[in-house]
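Take a look at the structure set out below.
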Amino acid sequence: MKKFFIFLHSYYDKAQTKEFIGGMLLILGAAFFNLVFGYFSAIFAVYLSFMKWDYIGPMEFVGFKNYEIVLRDLYRGIIGAPYLLTPFFTGFKNIIIYTLMVVPAQTFLALILAALANQRIRGAQFYKLAYFLPGTTCPVIISLIFIWLFMKKGFINYMIQFFAPGFAPDWLNDRNYLLPAIAIVAIWGTSGHFTVSFLAALQAIPRDLYEAAMLDGAGPIRRFIFITIPLLRPMIVYVVVMGVIGALQMFDLAWVMAGSSGGPGGSGYTIALDIYNEAFTRLRPGVAAAKSLFLFTIIFITTYLFQKRYGKVIR
Amino acid sequence: MPKKLLVLTFMLLSTLILSISPYVSAQRIFIRFAGWSAGPTEVKNYKIMIEKFMEKNPDIAVKYEVITQMFHENILASFGAGVAPDVFYVDSSWAPIFIEKGALYPVSEIASSEFIEQFYEFLLEPFKGKDGKLYGLPKDWSMLALFWNKNLFARAGLSRPPDTWEELEEFAKQITEKTGKPGLAIYLGGFNRYMPVALSNGAPKPWFEKPEDGVWFDNPKVRETLEWYINLYLKGKVKREEEGLKPYVVSPADVGAGWLGDAFGKQEVAMVISGNWMIPFLADQFPDFKFGKDWDIAPVPRGDVSRATIAYTVILGINSRTEHPEAAWKFIEYLLGKEGQEFLVVKLGHTLPSIKGFEKHPDLWPQHAKTLSFKYDQMIVFLWGPKSGELESRFSDTMAAAMRGEISIDEALETMKLIVAEVYGE
Amino acid sequence: MKNDIVKLSWFIVTYIVLTGFALVYLIPFIRSITASFMTWEQASRFPPEFFPNPFTLENYEKLFRLELFPRWILNSALYTGIIVFGNVILTSMAGYAFARLRFPGRDALFSVLLALLMIPGFVTLVPNYIIIYKLGLVDNILGLALLSIADVSSIFLMRQYYASFPSDLFEAARLDGCGPVKAFFYIAFPLGKPAIGAVAVYQFLGAWNAFLGPLVFLRTPENFTLPVGLSFAFQRSMWVEYTPIIAGSVLAAMPTLILFVTLNKYLIRGIVITGGKG
């Protein structure tokens, strides 16, 4: 008992008291809600991944069997089995390709557009509004509109004729073009959101830094590379991390554009789709939980590594 | 500034707490009823019936819940949380799962046999468990029929709809030649739409329950008919376009339509095989396209052996864990009885009533009545086994790949066998 | 002279890029607006047509004829209001604390919260179902709002924002003997306006257009939010009436537009720090 008090006392002293209490108070609300609604689910998922269940009857403990199923699927996929028999591997492969397409593109685009729009040029308001607009529409509607635009004789192919005549793939039915099509919709829909983030962060950069650089004779591009980007680093980290997290979990776009089975050749099949199918079509929530944990680990590792490398906070 | 925030937060918190209103439970028995909906009108009609029911049974209160999308998944999740509704819809393709897992209460133990006899027998088949008990009663149903465009037929010099599958293909070709519009539209895949072709030519009724059941695909009649069906699209569209000719079979997307009904209503194609749900759609979205004058309904084409069609239905099930099975039953009895069906199904006009006796009812839409008048040798419910939903979707994907020419028909058959083995393999 | 040419060409390039992308972003939106005035018959034709002919208001009429349409707007407004308000306060506090204060377990706790974002959606469905039902909050908009009232992505945003300030700014306050909580309300919160504006905008969007959460947890049509209501009214099991939904989404986009336009001025004229000089 006494030891306990001594421990508390030293802990209390170690923490700079005011800062500690203040800190805890400030995060209290946020942490509480997230822990209740998030952590309970997470623990439940881990528990579930070792069970066999059908929602209605009792849960049955099956040890690592679910994980075995996942690994076997991956193995089969690596040695080249047809996609119809290796859904998880297909989903995994596709979502990685998709993320590599989407995240760099949307980060880069948002950065450039924010920087350009931040200048004191006429019509800056208009541009900001234009980029922001896609984010205001309901995602389901967006998918529906783009399905219509991506049709073989649709608007997008029509426009492409001006730049590359003859190139008019059947985006939604061609296994090589479905994933890029979905990626394009994603970039269209989310880069505006990140442009707003960058714009906000740009406001925090003191103007005199630029003025000093200009006096030194640095042109706009050099100012951008050597001042703006480093100062925007925390925000860039945010955009990339959020982008990766969002891209790896993409579900609704694929659901509408590729259907629940992933479209031609399964090229539109994502991990999130597979987890959903596993849970509700094949009725194996245990396996779905195992797959979810697998996805979670991947997301966690990638973002952790990225944060470590680029995300230092207090200087 | 901080003070204002505090006050606001306090107000917010108190509104939150006050709004968590406790359920008012009197001496009434409280049951929850969940369904999806065909729109605000249907919901309104159900509410009216529920009001009437509560008037007649003042000791029962019914809470009507509408789950618009992903219905069965939601119900499953609610079972998982232990809070499933007392009465809920179950689509025929999901029924075996619910029955097998013991989620539904055996209706046959609580309903009178006279009541059960009112229903069409073939509609009840899929909802009987292995123990012979009946686990739900259909609230309505639809069946497949051939919808044909009279105007396009006339322009092609045809005066009657095709009677056999061969005629179907012939007529489609002729219509395309004479009018330029594809004669027939089918879905890419669509295993359930292919089934009448198989059945009417003598293939046995499919039922997949064990991994070995995939041998159904080895049956020569199955191979023959599946090849024919896949070739409808392969030859009718893919090969034709390769030769620079107009296709006589298309999928809805090929003509810019969202589904068969859309393609038919826009008069982009002359024939589609679809169900009763087409009827309210056409009436609502294409009011100038008139039944009788511009288009008509014919029975599904005949095969060498018989004429067959597929029926689609939804049952009202009682939660096996409900605390008030009798109250739940009274409610279902009311909704599915003559009065209920007359109001909810016949007048609304979206589906067919599941009770016999309405065939000549004045409120029954003529289009629906016509479908009821056809004589079929075989009417089977859309259900291929306990994991029917998964089977249907994977079979259809395989067929679609074959239709697009991505895999050969033999490969498709093999894959479908493998799918059965895999789905039932664990 | 050369300098002027460089400047001019820079301007031209800027304008071309900006306008080009603006068009790309706007076209689907313009398309929905024009389609909302067409009949489905015309809207779904291809080759696609751009001028409603006949111009019809029937899609909007269908929307207003829905008796529950105003109710859904109200519900969405309520839901969104709570979420925006809650998030603005909770996440700015938390973001500031994570970025600027030192307390044991700070980074660990933050990683833990961030990790929450990475949990795929389905996993949280059943457990949240249990919690919401046991609390009696099902079919209750306020209850539903609690689920997303302290969104981790916004905490993350605020943290990164506060992290990008030079530390001497906050040091000064601390030296003045200002406690961390006070420092937050009097300095950090006002300073955070651009990012808080961004958070408000995001959360508004997320809440206003939210579909999955309300779909699963709201049960009576009177309680639906706008997207779910639109889906309920116009999505049938076999087909979807697209044009009224498009009209509905056009209307639904209006408030977010208005919000953005008003907050926009705020975003720009937000306090611009002049490095270290108070």
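Order of writing sets the chain letters: A, B and C. Residues in each chain are counted from 1.
Assume a residue touches a chain if its C-beta (ideal position, glycine included) is under 8 Å from a C-beta of that chain, and two chains touch if they have at least 3 such contacts.
If you're wondering where the values come from, they're calculated on a predicted model, not measured in any experiment.
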Between A-C and A-B, the pair with more C-beta contacts: A-C
Greatest separation from chain C - chain, by CA centre: B
For chain A paired with chain B, centre-to-centre distance based on mean C-alpha positions, whole Å: 36
Between chain C and chain A, distance of the C-alpha-averaged centres to the nearest whole Å: 16
Multi-chain contact sites of chain C, meaning residues that touch two or more partners: 44, 46, 89, 126, 146, 231, 242
Residues of chain A touching at least two other chains: 55, 151, 153, 279, 285
Shared-contact residues (touching 2 or more other chains) in chain B: 70, 77, 80, 256
Complex contact set, residues of chain B against chain A: 70, 72-73, 76-77, 79-80, 97-98, 101-103, 253, 256, 387, 389-390, 393-394, 397-398, 400-401, 404, 406, 415, 418-419, 422-423
Residue ranges of chain C touching chain B (in the complex, touch as defined): 40-41, 44-46, 66-68, 82, 85-86, 89, 125-126, 129-130, 133, 135-140, 142-143, 146, 185-186, 189, 215-216, 219-221, 228, 231-242
In the complex with chain A, residue positions of chain C that touch it: 6, 10-11, 14-15, 17-19, 21-22, 24-29, 31-32, 44, 46-48, 89-91, 93-94, 96-104, 106, 109, 111, 113-124, 126-128, 131, 146-147, 149-150, 152-153, 155-157, 159-161, 163-167, 179-181, 184, 194-195, 197-198, 201-202, 205, 209, 211-212, 227, 231, 242, 245-246, 249, 252-253, 256-257, 260-261, 264, 267-268, 270, 272-275
Interfacial residue positions of chain B with respect to chain C in the complex: 1-2, 5, 8-9, 12, 15-16, 19-20, 22-23, 34, 36-40, 43, 64-70, 74, 77-78, 80-83, 256-259, 261-262, 266, 277, 281, 285-286
Of all residues in chain A, those that touch chain B in their complex: 53-57, 82, 84-85, 151, 153, 172-173, 260-261, 264-265, 279-283, 285
